[in-house]
Amino acid sequence: MSTLTEGHSVTEAARNRRFGPMYSRNVKAVIARGLMATKSSNWMVMLSGFFEPVLYLISMGVGLGAIVGAVEGPGGQEISYAAYIAPALLAVSAMNGAIYDSTWNVFFKMNFAKLYQGMLYTSLGPLDVAMGEIFLALLRGLLYATGFTAVMGLMGLITTPWAILMIPASVLIAFGFASFGMGITSFMKTFQQMDWINFVMLPMFLFSATFYPLSVYPQYIQWFIQAMPLWHGVELLRQISVRTFSPATAIHIGYYLVMIVLGVLLTAGRLRKLFLK
Amino acid sequence: MVWVPELVSNEELSSKQTSTQSQGEQMQYVITAENLTKTYGDVIAVDGISFSVPAGEAFGLLGPNGAGKSTTMKMIGGVSQRTSGSLSIMGLDPESHGPEVRAHLGVVPQQDNLDEELKVRDNLLVYGRYFGLPMSYLRPKADELLEFAQLTDKAKSKVDALSGGMKRRLTIARSLINEPRILLLDEPTTGLDPQARHILWDRLFRLKEQGVTLILTTHYMDEAEQLCDRLIVVDKGRIMAEGSPASLIREYSTREVLELRFGSERNATIGAELEGIGERLETLPDRVLIYAHDGEAALEQVSARGLRPLTSLVRRSSLEDVFLRLTGRSLVD
Amino acid sequence: MTEQRAHPPAVSAARARRWGSFYYAEQVLRVMKGYGWTIVMYGVGQPVAYLFAMGVGLATLVDTNSEAAFGGVSYLAFIAPALLISAAVMTAANEFTFPVMDGFKWRRVYYGPHASPLTPEQIATGHIMAVTLRFLLQSAIYFVVVALFGASPSGWGWVSVLVATLAGLSFGLPLMAYAASIKEDKGQFAMVMRFIVMPLFLFSGTFFPLDTLPLVVRWIGWISPIWHGTELGRVFSYGYEESPLLTILHIVFLVGLAVVGWVLTKRQFVRRLGQ
């Protein structure tokens, strides 16, 4: 009695691989699947995601802006209210898109569409799936950010070529949220628990100096908000939009780099819990 | 670098098969499980089962709902972690070599998990990409499998538009995209109409002829008798019996069964009067079963005792009798 | 074995004729109870967050820069009715879309009662009754929070709870008729949220008076249940001055849209369940 063993050289190589059972270096198959699914999906739905921040910008920037007038920008200079909230709306949109793609979308495909069950019964590993999904989320974020920046340009809200750096910066913000979001989803079991995510997102959206400066709050609330990720994203994009950099810029970027590293570690550590039950 | 699993054509496979068999004693096991155990919290889903499956065999796992069949299948695919015990698929542990093990497998899960966002043919192509297979291989292979699954004219349809039987056939076609040597089928025909079931059985039988190892869970006894060379009956996570369908019937039942109905009032008391006829007697709420080598002879004995049943029926013993004897008649769910 | 026997079919039929809608409303409410905790948390959390952020935070910016923009009331008092109405409309956009699709397509929950003596119209109306109750509860919680913020100076402020419920139905029922007509999910509801609900929320005089906007987009407010509801709410909560004719127009608009939506919904339910 002997066990059938095929002398695959690849199989042998796989024995010594890091992440061996989790990763098969085939992220591109997951990405290809995502792109193909996009082709058959409703293009209007895809586009609509880009319109939301634009609508906010027109309503709040133009409508409310007429009442508010000019406000103080990052460097102390006066800027229009629309120019003040536009980078903030871009940061919010990067956060929302990334969180949606890495939480609801993953949760749905895992538990309802049963898409990942099919994928994970192939030679793909969970890490391939996770990396592919995050990549797709960032790709979408990149497209939206580019569109929104173009709209800002059309509305005359861009005064410096440096503003184009808002695009990679929003991808950085999206990466931070997406890597964390997926790790958090691994702890979720029911739809009700998924609702808690919105519970954190809504106040963060409203309070992170999106629509008015942080200075309206008492000191301790300011500290609390400054500890939240969205505030760093809003400030980073706002600084880029008017090309006013300070040591704080480095802190904002550093915050997201740390967030990405921690998020990726969390997600990697939770892959089994997320995909293999 | 993308790892492309070594593709073995069917001819090669079957030649390997014959050479294996000609070696006589030298059995080659593609799956070996020893003391396989899986617990979810306090619940023991699989309770230390052991079995081995040689290449080319159609191996069945029979059992009531919740017996641990699906969990066993998931552990074989390495998508569920075992609690203890050992498992080897093609000589590899699926937990440490998930991608490599699954490269050998085709999986038909209990519920179809087709990619609803993709069209029928794209489902096959994309699934093949998950194995790192090149498009030059996948395009003709997808068409061949659509033909095999009788879905050629649905190639461009949405998955949503397919009937239950078609979806099932597409899932099976999808599981074959990597030319697997082992096919895991979790209740492949549950919920299908008789026509669809027979088409599926025919397709599975062809695969078996080509030397594919079939691992099949079912609670349809006719299905197990049709397809399986050998099977284990599992209940509450343990193996209750093991053998070929015929040998199990021989061991746990008689050649024939005589079914008698006396009306629900008399059934309960009639047992004593039938004592001694056949090898074994079982009283159910609605009828009495007499297990005997010769059913007609048993019926004559009943008449000779002056008992007049409302209806009587002599039939061959089936796996169902074995199954019910081993796992009990009370509802499990 | 139970001693009590089921009453005769004739009695079942007669009762269903009379109370059928209530029976179905009961079922929907029981389902809602499953996520009742979420409803209450949202009911309290959302007004608190919005009122703090907009009514207190943003208000510091708005009130210092242009004091007289809101007819003599604080920015907080100005937006409170708008937020209350918008919240009801947003809820309507959720309760009258996915659950309806669930009823006809995903879990087919409407088909169970359809096999009982209930009629399709009763199923539609029962669903609407249950959601109306949710509007009332949610709006009442919202109003309490508004009152605690001191954002409802008039003694008639509580009427805005009813106005919000009406606005929710006025927006929600036509949407429900549409949802009942959808056979295939192609992301229509996401489109409704983004291309209808969002613009209505942002361009209905919610965060600033409608007159501030150029005419090109001002019409959005005129056809928006949120604008009509908000204006009405402002009349009750702080005595916002508008011509009585306009007040009547708001009410007629809201009631009219709700009734049309209700009739269409019932017709659609009969057609769809009869297929």
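Note that the chains take the letters A, B and C in the order they are written out, and that residue 1 is the start of every chain.
One rule holds in what follows: a contact is a pair of C-beta atoms (placed from the backbone, for glycine too) under 8 Å apart; a residue touches a chain by one contact, two chains touch by 3 or more.
The model shown is predicted, which means the values in this text are computed figures rather than measured ones.
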Innermost chain by mean C-alpha position: A
Leading chain pair when contacts are tallied as C-beta pairs: A-B
Chain whose average C-alpha position is farthest from chain A's own: B
Euclidean distance of C-alpha centroids - chain B vs chain C, Å: 52
Centroid distance [mean C-alpha coordinates] between chain C and chain A, Å: 31
Chain centre separation (chain A, chain B; CA means) in Å: 45
For chain B, residues that touch 2 or more chains besides their own: none
Sequence positions of chain A contacting 2 or more other chains: 41
Complex interface listing, chain A residues touching chain B: 1-6, 8, 10-11, 14-15, 20-26, 28-30, 32-33, 36-37, 40-41, 113-115, 117-125, 272, 275-277
Chain A residues within the chain C interface of the complex: 41-42, 44-45, 48-49, 51-52, 55-56, 58-60, 62-64, 66-69, 71, 191-192, 195, 199, 202-203, 206-207, 211-213, 216-217
Touch list for chain B against partner chain A, complex: 1-3, 5-6, 26-30, 32, 55, 77-81, 88, 90-92, 95-100, 102-103, 105, 107, 109, 111, 113-119, 122, 126-127, 129-132, 158, 174, 178
For the chain C and chain A complex, residues of the former touching the latter: 35, 37-38, 41, 45-46, 49-50, 52-54, 56-58, 60-62, 65-66, 69, 186-187, 190-191, 194-195, 198-199, 202-203, 207-208, 212-213, 217
